[in-house]
Amino acid sequence: MNESSSWWKTGAPLGVAFAAGGAALVWAAMWYAPTERTMGDVQRIFYMHVPAAMNGALAFLVAAVAGIGYLVRRSERWDRVGRTAVELGTLWATIVLVTGPIWARSAWGAWWTWEPRLTTTLIAWLIFLGAILVRRIAGDPEQAARLASVIAIIGALDLPIVYKSVDWWRGNHPIVFGKGGGGLAPEMRTAFLVGALAVTLTHVVLFRLRYRLAQAEDRIVAAERLADEREGLR
Amino acid sequence: MSTLGWMFWGYLAGIVLVAGYVAWIGARLSALERRQRRIDSELGADR
Amino acid sequence: MREPTGRRIRRVTDPLPALRLEGVSRRFGPVTALADIDLSVATGEAVLLLGHNGAGKSTLLRLAAGLVRPTAGRVTIGRAGGREVPSAARARIGYLGHRTFLHEHLTARENLELYASLYGRRDAAALAERWLARVGLERAAERVIRGFSRGMMQRLALARALIHDPQVLLLDEPASGLDPEGRRRLVEIVGEAHAAGGTLLVVSHDPALGLEIARRVVVLRRGRIVTDDRADSRSTADWALAAGGVAR
Amino acid sequence: MRAWRQVVAILVADARREARTGEALMPMLVFALVVLVVSGFAFDLPALLADQRRRLVPGILWIAIAFAMLVGQARHLLADRDEDRASGLLCAPIDRTLLFGVKWLEGILLGIALQVVLIPLAVVFFDLDLGGAWLGLAAILLACTAALSALGTLLGSVVARLGRGEALLAILVLPAAAPVLIAGVKTTAVLLAGEPLASAAPWPAVALGTAVIYAAVGALLFESVLME
């Protein structure tokens, strides 16, 4: 058994992927893309912010699907996918919630607006933090998986409702891109695609890494149980 | 702060968060692997 | 019994199994509680389930009672079965677990009436009256059970589990906490239910209790059936040893 | 009909327990009352004009209701952990969807009991003039309570399974309850301004819609929470 090398076996391609993706993202965002006229350089946050938001939404969708998958199939694999996706979704949402206000503060002079996308992201973050919390509190792994699945499903289901409610409540304030935002210059679009690719690649790599951790967690529980049995403790 | 300065903080925050998460996974993974090896060796000695 | 005539007789007399587990496994996350259990209990049969702590006895009973879903396999009660115990089949089961399932702020009578109604019985009041007498709690009937002793609680729990006249009795350590008189009534009540055609699956640390009734003994170890034999094939002491012996 | 007899039996047993202990309703009432009183001086209500007061009161009212519901449902659902009575219900031949329905209904009943006391108190404390708005107010209270109770029943069962209380329930319920609370506050504000329920659109529909969706999803997922 050569367990000590396994971390590096994953680590090497991981490092290469991160370096390549990061370099491409930074190059595209910092040099390739032109400076936006009204907001200035801060608009370059866009090339990380929006891909992170898209990947966060993707992770939450995966978490909900994994939750349904687990409740139907009761397989540990679905549970590991759910565990991984909930954490990654929370990570991406955190990045969105940190970079967003920085951008907003510079561009519009306010850290936060109660705009549907922002509010929904914050609520998604809170709900999935709840799922992580439930998992930590639950005693046995089966209960943890089952209850966290329920929270993830409720969360994913709730988000469109939250979005629509906040939209009716506050209205769709700052339209930067998309309809009414004037669209993107061709170079900006290319830079955005590079950013999306780099962030998605990071997502895939992180997913595999976290999934490996989930496997290791499950193995340990089984191994400790077996050790207890050998000792006659069970 | 210049718009460039704000952008810098934004990217730094994003990169630190991802790097921190990777470091956390790495730490957990190697701790678990150490524990696994200890259990394996204990079981081996028991046999 | 392989002879054609014998087979024909079997087909006629051998009743439908009251409880059947086919390839049943149950894992709690990465931990396996039951592994590939095949167990068939004939109608009217009485089976004692032995095994040391964590062998999977209680999980097996909870699974048969419809409280735990199997990870794989089928559970069949009478004719109805599947991955899960169907609602109608649960009506045929009387389950007594580690906990009493009783409401401590209700009286003994209210508790029994509640459970009789939950099982759809129209005659809840009369049933409660009869069972209070059978377990010897008539005089405590109108008391809120919060102040009951452990033995009284267990008697009431027994009445609760059997009040709907179940065909399949799943009893998990039914004598725990019972005083000698309570234990006597337990054996009497369970014996009567058995004599009336009831099927029994009893978990007990104390083989002596189970062997008063059971004709067949199943021993579980680490979630697997390791022994399935006639009760009179071994002495009580040997069964205790078989159940508690630690595998090395 | 068996299902009917089962529902009545559970309702009677839980009502008896609640009548003998007051373990859910008492903390709910006291908690809501405390929120009202504290809000009175936290927002310095007496110093405000009637018009400004009317803008604050809906929020205060819904904070009081939402948190009191959390307290009450956490207590109520946690009680079924004693002696593992939740398993007693699961053993019985009751449809699990029906079981969710009963607990949902009990949550709504607790909410109504709370509001019957709380609303008159708020009228007195905050010098409100309900006028002809009380019917509309009752309707929006019922719809939002139904939605909150559905979330509280499902997630409260999660919390009860974990042996935790109100704090975790608040963390789980309130984010998902955001649309319900917005709908409740918006509609109440419109009603207190003396306008008809219809002019609060789309909020009454949002409240009703969320109630239906959460109840449906709760009924669907309830078994997964309860069954090991």
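Every chain is named by a letter (A, B, C and D) in the order it is written, and numbering of its residues begins at 1.
We adopt the following convention: contacts are C-beta pairs under 8 Å (C-beta built on N, C-alpha and C of every residue); 3 or more make two chains touch, one makes a residue touch a chain.
The model shown is predicted, which means the values in this text are computed figures rather than measured ones.
Apart from subunit D, the touch network of the chains stays a single piece. Of all chains, the one whose mean C-alpha position sits at the greatest distance from that of subunit A is C. By count of C-beta pairs in contact, A-B exceeds the other of the chain pairs A-B and A-D. Relative to the centroid of every protein C-alpha atom shown, the closest chain centre, again from C-alpha atoms, is found for D.
Rounded to whole angstrom units, the spacing between the C-alpha centres of subunit A and subunit B is 16.
Separating the centre of subunit B from that of subunit C, both taken as means of CA atoms, is a distance of 49 Å. Distance from the subunit B centre to the subunit D centre is 42 Å, each centre being the mean of its Cα atoms. As a whole-number value, the distance joining the C-alpha centres of subunit A and subunit D reads 32 Å. With touch defined as above, residues shared between interfaces to two or more other chains in subunit A number as follows: 142-143, 219.
Contact of a single residue of subunit C with at least two other chains is seen at positions 69. Residues of subunit D in contact with two or more other chains: 228. Residue ranges on subunit C touching subunit D, taken from their complex, read 62, 65-69, 87-91, 93, 95, 97-106, 110, 113-115, 117-120, 122, 124, 144, 160. Interface residues of subunit A facing subunit B in the complex, by the touch rule stated above, are 1, 3-4, 6-7, 11, 14, 18, 22, 26, 29, 39-45, 48-49, 52, 91, 94-95, 98-99, 102-103, 105-107, 202, 206, 209-210, 212-213, 216-217, 219-220, 223-224, 226-227, 230-231. On the subunit D side of its complex with subunit C, the touching residues are 2, 5-6, 8-10, 12-13, 16-17, 20-21, 82-85, 87-95, 227-228.
The residues of subunit A lying in touch with subunit C in their complex are 74, 76, 79, 140-145, 218-219, 221-222, 225, 229, 232, 234.
Taken in their complex, subunit A has these residues touching subunit D: 71, 119, 123, 126-127, 129-130, 133-134, 137-139, 142-143, 146-147, 149-151, 153-155, 157-158, 161-162, 164-166, 168-169.
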